[in-house]
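As C-alpha cells, here come the structures.
Each of the next two complexes has chain A plus one other chain: chain B in the first, chain C in the second.
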Partner chain A sequence: MDARVTGGMDLNWPEPGVCDAVPYGVFNEREVYDREMERIYQGPTWNFLGLAVEVPNAGDYKSTFIGDIPVVMTRDDDGNIYAWENRCAHRGALVIRDSCGSSDGSHTCVYHQWSFNNKGDLIGVPFRRGLGGNGGMPDDFDMKENPVRKIRTEDYKGAVFGTFDWDMEDVDSYLGGDSVVNGHVKRIFNRPVKVLGHARQYIDSNWKFYAENTKDPYHASLLHLFHMTFGLYRSSQTGGVRLSNDWNSVLFSESGTDDEKAMEEIDDAHLRTFQSDYSLEDMSLLAGRAGEWNDNTTLVILSIMPSLVIQQIQNTLAVRQILPKSESEFELVWTFFGYEDDDEELTNIRLKQINLIGPAGMISMEDGESSVICQQAISRSRNARNVLQMGGRTPEDQDHLVTESTIRGFWKKYRELMAY
Partner chain B sequence: MSDQVRSDTRLSSVSRDVRDQIADLQADYIAALDSQDMKGWLASFDENNSSYFCRSKENEDEGLEVGYMFDDCHERICDRVKFVDEIWAGTFEEYQTRHFLQPTRCKSLGEDLYSAQTNFTVMYTDDAGITKVLASGCYDDEIVVNGVARLRSRKAVLDTNVVPRYMVYPI
Partner chain C sequence: MSYESLLEVTDLINEYVACIDDDDLERWPDFFTEQCIYRVIPRENADAGLPVAVMYCDSRGMLQDRIVALRNANIYAPHFYRHLVSNTRIVGESGDEIKAQTNYAVFQTLLDGETKVYNVGKYEDTIVRVDGKLRFKEKLCIFDTYRIQTLMVTPI
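Moving on, here comes the complex of A and B:
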C-alpha cells in the first residue's frame, strides 16, 4: 500500500500495546510527519511557547512555533498571556516578523495593514468602507468573525504553554498533578526566573530522535565523556526515572553517590567512557553551589512532550524547545535562566557552567551529533525496528539509570495519539 | 559614524609595525584552528591574563553574557584545549574549518594595548565532503602588542544566531 495514502499506518508496528520497538519509518516519512502536525501538535497536547518573563509588559510579544506552525504569544493589558497563529486572517501573511518586541497592543500585518489586538481579534481593516464610494468590504463583513486563529494558553508557574485543543485538561493535570514528574517541574519553577540568554542550533534529524535522547539516562554516561570523567553523572549513581501520562518523564541523579560495586563493573568492562586522572586547571567550573534546592539532586532532565525539555545540570537551568521543521530537520532553542533573586556570584556560576550545555556544551554537543547519525543511518529502513529493551519491555518508574523505560512510555503514548 | 571617530579607529591610525604584528597573530590564530591545532590556538592568548567568549549577536545585542563558549580566564582556555584534544577525542565527527578574516577597525588603548575589530566567515566541510557556512560575525579583541601580539581578550560575536549542528572547535 502507498505510504502517502496510509500516513504510516502500514509500517511494521509491533503488536498493539508493545512499545519496546518501533519501525524506523516514523523517523523519515513525510506522511508520518504531516500526521504528527495534525494529531500531536494540533491535537490534545500542551506545547511550550516561552517563559512568561520573556513578555513582561502589556504589548510585549514573542514569535515562536507549535510544531512547524508559526505562532505568537503576547501579554495584554489585563496581564494575561494570549497566543495565536501568526497568520493574518486576510491573506495569510506573517503578522509578526521579528522574534520578539513590544507594541502598543495592536499588531498590524504589513501587507494590507489589517490589525489585531493582543487577543488576536481583528480591530482594523483599511478601506473597509471603500474610497470615494468605490470598493470596500461587503456590508455584512463582520470584524468579529475574522480573528487570527486563537490558541488556548496557560502560564504554569512562569512557563507558558499553548494548545490548539480547547477541550484540553489543564497543564497541571497534563504534567501529572501530584506526580514526581510534576514535582520536579515545581521544584525548578519554585520562584521567579530571569532569562540569561538563548542559543539555537539546527539539526538534520527527525525531532523524535532528539526526544528519545532526552528520555534516555542510559546513553549519558556512555556518550558524554565529560560526565563520566568528572563524575557529574554515571550510571552507577543514585537516580531514577519517573513517568506521567505515559510520555512525560523525568530522569534524575545525584553526583558523588556512585555504587562501588557498579563502579568496579564499569572498570572491568573497559568502556571508553571511564577515564580517571583528569583534572581541570579551573576547578571553579565544577565547584558550583551545592544545596540550591535543599536536596542532593544534581541532574534533572524533564521531557514534557511533545516540545519541551526542562533541565537542571549542576547549577545550570534551561528550557529546550524542540521545533520540528521537516521529517528530517528540527531546530533546538535553548533558553538559559536563573532566578530573579540570584546573587552576582550565583549568576557567574551559572554563566560559567553553561559551558556544559548548548550547541558547544561539554555534555550536550554530542546529543546533536547522535541524532544526526541516527537519521543518516535509516534512509531505507522503514520497516526495520529499533530495540528498546534496556531495563525491561514496558514503561515503568525505575530507581536506577540503566533503562530505556521512559522511551517506551513515549512510544506508547505516541501510538495512541497517532492511532497506529 | 563621524569622520573623527572613523579616522581614530581606522587601521592606519596605528603604526605599520603594530598592524603587522596583529596581522601575524590573526593569521596564526586561524591557521591553528583550521588545522585543529588547539595548542596553537591557546598560544594566541596572553598566558598571564586572557579570556575568550563566543556568543551570538542575539545575546550580545540584549546585553546578555551567555555564550556558546565562556572562558573567563586563561585556565579555562587551557581546559578547553584539554576537552577537545583528550576528553572529547574520538567521539565527535571531525570537521574541517576555513576562517576568512577582514580587519575593519583598530585603535590604541594606551601603552601596549590595542582594540581591534575583525569580520570573519567560517566555512566547514563535513566527512561527506560537503561545505557549508558555519558562522559569520565579528571578533571584538583586546590585543597586547610588545614585540609579539597576543590576545588579552577575544569576543567572537556570531551573526549566525542559529548554528548548524553543533560546535566543537572555537571560532
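Moving on, here comes the complex of A and C:
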C-alpha cells in the first residue's frame, strides 16, 4: 500500500473494540486524511451524489465529490444515472467544469477535446489518425480501453449513491434493510421530491467533528437555544437513537412530549439555552404544518456513512453532503427540497423555516461554529483522547436522547474500515 | 429619474450599511416597512430560478427576531463587518416605488484582527416613502460568494 496511507496506526487508540474514546490525532493529521480517502471514500461505502431530480433529462449532469475526488453524475438516454471520476482519461483535466448543466450526451474535455458519453466511454479523440499523414495515435490505441474511471451508481428512491467498490452490497442493505434507520430514509423519500435550492459553507474543521455533531442528540439541548427554549427539540422529549451497520444512525424526537420530571430538572439546571422569557415578535416562523407524515415526529437527523445527512426539522427537508477538503477543512453542501405535490403555502413554510437551518440557520449555524472551536483546540493533542461515555460505553439503540451512543457506533465502524 | 432621487436612495443605502457596520443592529429593522421582504440569496439559486434564501424575513418582526437571536441566542465567533457599496442605479420608478440596484462587498474581521472578503453581491431594492422617509419594502441581497465561510449571523 501507498506509504502515505499507513498513517495513524501509532495513535493512542483504546483497546480494540472500545469505542468510548478516540485520540485527537485522528482529526488533524494529513496521513490519517489520506488513509480515509483510500480506505473509506474509495472503499466499501456508498457516497451520496445528488438527488435524481437534479438530472431530470438525458444528457443532464451534476458535478460533485466523493471524498475530495471530483466526480460527475449524468443521466443517459436509457434513463439510468451514471457516474465517473471527473478526470479526462488523456492527461487528467476536469471534463466537466461547472456545477450542473445539460449536454447532448457527449462530454468534451476542453484541453484536447477528448470526448466521453454519459456512461464515461471514450467516443472521440481529435487527430486520432493524424493530420496529413503526420502524428496520430498508435494503430493499437483502443478507445474501449480508455474510459474515464467509472463509478457504480444506484438511484435509491430518488437519492443517487455512488461507489468505487464494484463488489458492494446494494444501497438498501447498506442502509440496513428493514432497520429503523432505513425506515426513516423511506419515510422522507416516500414520494417524488423537488429541489428548492442550495447553500454552501466552508468550515475550518476536520469533517469528522461535523460528522460527530450530526450523531449527537446530547448537544442539541445544550448548544442550541432555539431548540431548547421553543421546544423544537429537547432531551426531555419522546425520541431515541437507532443504528444500522454501526455507522449509520438516526436520531428522532417529537415536540410537545416533554417528560414533566425531566422538565423540572432542566429548569433547576439553569441552562443558557433554556430561557422561558425569550419570545419571538413574529411567531409565524414556528407555525409550520403538523402531521405532514401522519405521525408525531418533528425532528429526524439521519447520518449515513460516510458523509451524508438527511434531515427533517419541523417542515424543512434537506440533504447535507460533508465534503472533506483537507485534514482541517470541509465544505458543507445543503440541498433543500420539498415534495413535487406541495401546495404553495407548504412551500412557503419550508422556505421560511430555512431560517432555522443552513449556513444562517438560527439552529444550524451553531454546528459550524462548534466544529471550528474543536479544531482550534487540538493542535498539539494527538494522543490525548476525547470522552464519549454519555449514555453508556457501547453503541446501541436507545429510547432517549441523553446519549452519545451513535457517536460510539461511528467510531466503531471507522476503526474497522481504517484497520486501526 | 431625477438626480435628487438617486441622491436620496444613495443616502438611504449608506445609512443602512453604516447601521450594520457600527453594530447598531437594533435600528436595522427601522430601515424597512412594517410589511417587508428581506432575502439573502445565494447567486447559484437566483441564477437557477430556485427560491431558497439563507435568511428570509417577511415582516419587520422577523427582522427584530433575527437581531434578538444574534444578541441573545446564537453561538458564533464575534466579528465586525465593513460594507463597501457602489454603482447604485435606479432601474425603475412607478408611482410611489423606486427600484434600485447597488453592488456591495462585505469584509469580515474576526477578533484575531484578520480581515477577509466575506460576502460580495448586489442589492435589489424596492423602496417606498413612509412618513416622508425612504424605507425598504423589499431588499434582496444576491451574493456571488455563495460558499459562506463558516456561517452567517449578521445581516447583509
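Basically, the second predicted complex is superposed on the first by the 414 of 420 C-alpha atoms of A that agree within 3 Å, B and C clash if a C-alpha of one lies under 4 Å from a C-alpha of the other, contacts with A are read in each partner's own complex, and residues count from 1 in each chain.
Quick note on the criterion: contacts are C-beta pairs under 8 Å (C-beta built on N, C-alpha and C of every residue); 3 or more make two chains touch, one makes a residue touch a chain.
No experiment lies behind these values; they were computed from the predicted model shown.
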{"item": "Clash or fit, chain B versus chain C on superposed chain A", "value": "clash"}
{"item": "Which superposed partner A:M365 touches (first chain B, second chain C, both, neither)", "value": "both"}
{"item": "Which of chain B and chain C A:F65 touches, first, second, both or neither", "value": "neither"}
{"item": "Touching partner for A:L280 - first (chain B), second (chain C), both, neither", "value": "both"}
{"item": "On chain A, positions contacted by chain B and by chain C", "value": "99, 195-204, 223, 225-226, 229, 275, 278, 280-282, 285, 331, 336, 351-352, 354-355, 358-360, 362, 365-366, 368-369, 372"}
{"item": "Residue numbers on chain B that touch chain A, as the complex places them", "value": "54-56, 58-59, 62, 64-73, 75-76, 78-79, 82-83, 86-88, 90-93, 161-168"}
{"item": "Complex contact set, residues of chain A against chain B", "value": "99, 195-204, 223, 225-226, 229, 272, 275, 278, 280-282, 285, 331, 336, 351-352, 354-355, 358-360, 362, 365-366, 368-369, 372-373"}
{"item": "Partner chain A, residues of chain C touching it in the complex", "value": "40, 42, 44-45, 48, 50-59, 61-62, 64-66, 68-69, 72-77, 146-153"}
{"item": "Chain C contact footprint on chain A (complex, rising order)", "value": "99, 195-204, 223, 225-226, 229, 275, 278, 280-282, 284-285, 331, 336, 347, 351-352, 354-355, 358-362, 365-366, 368-370, 372"}
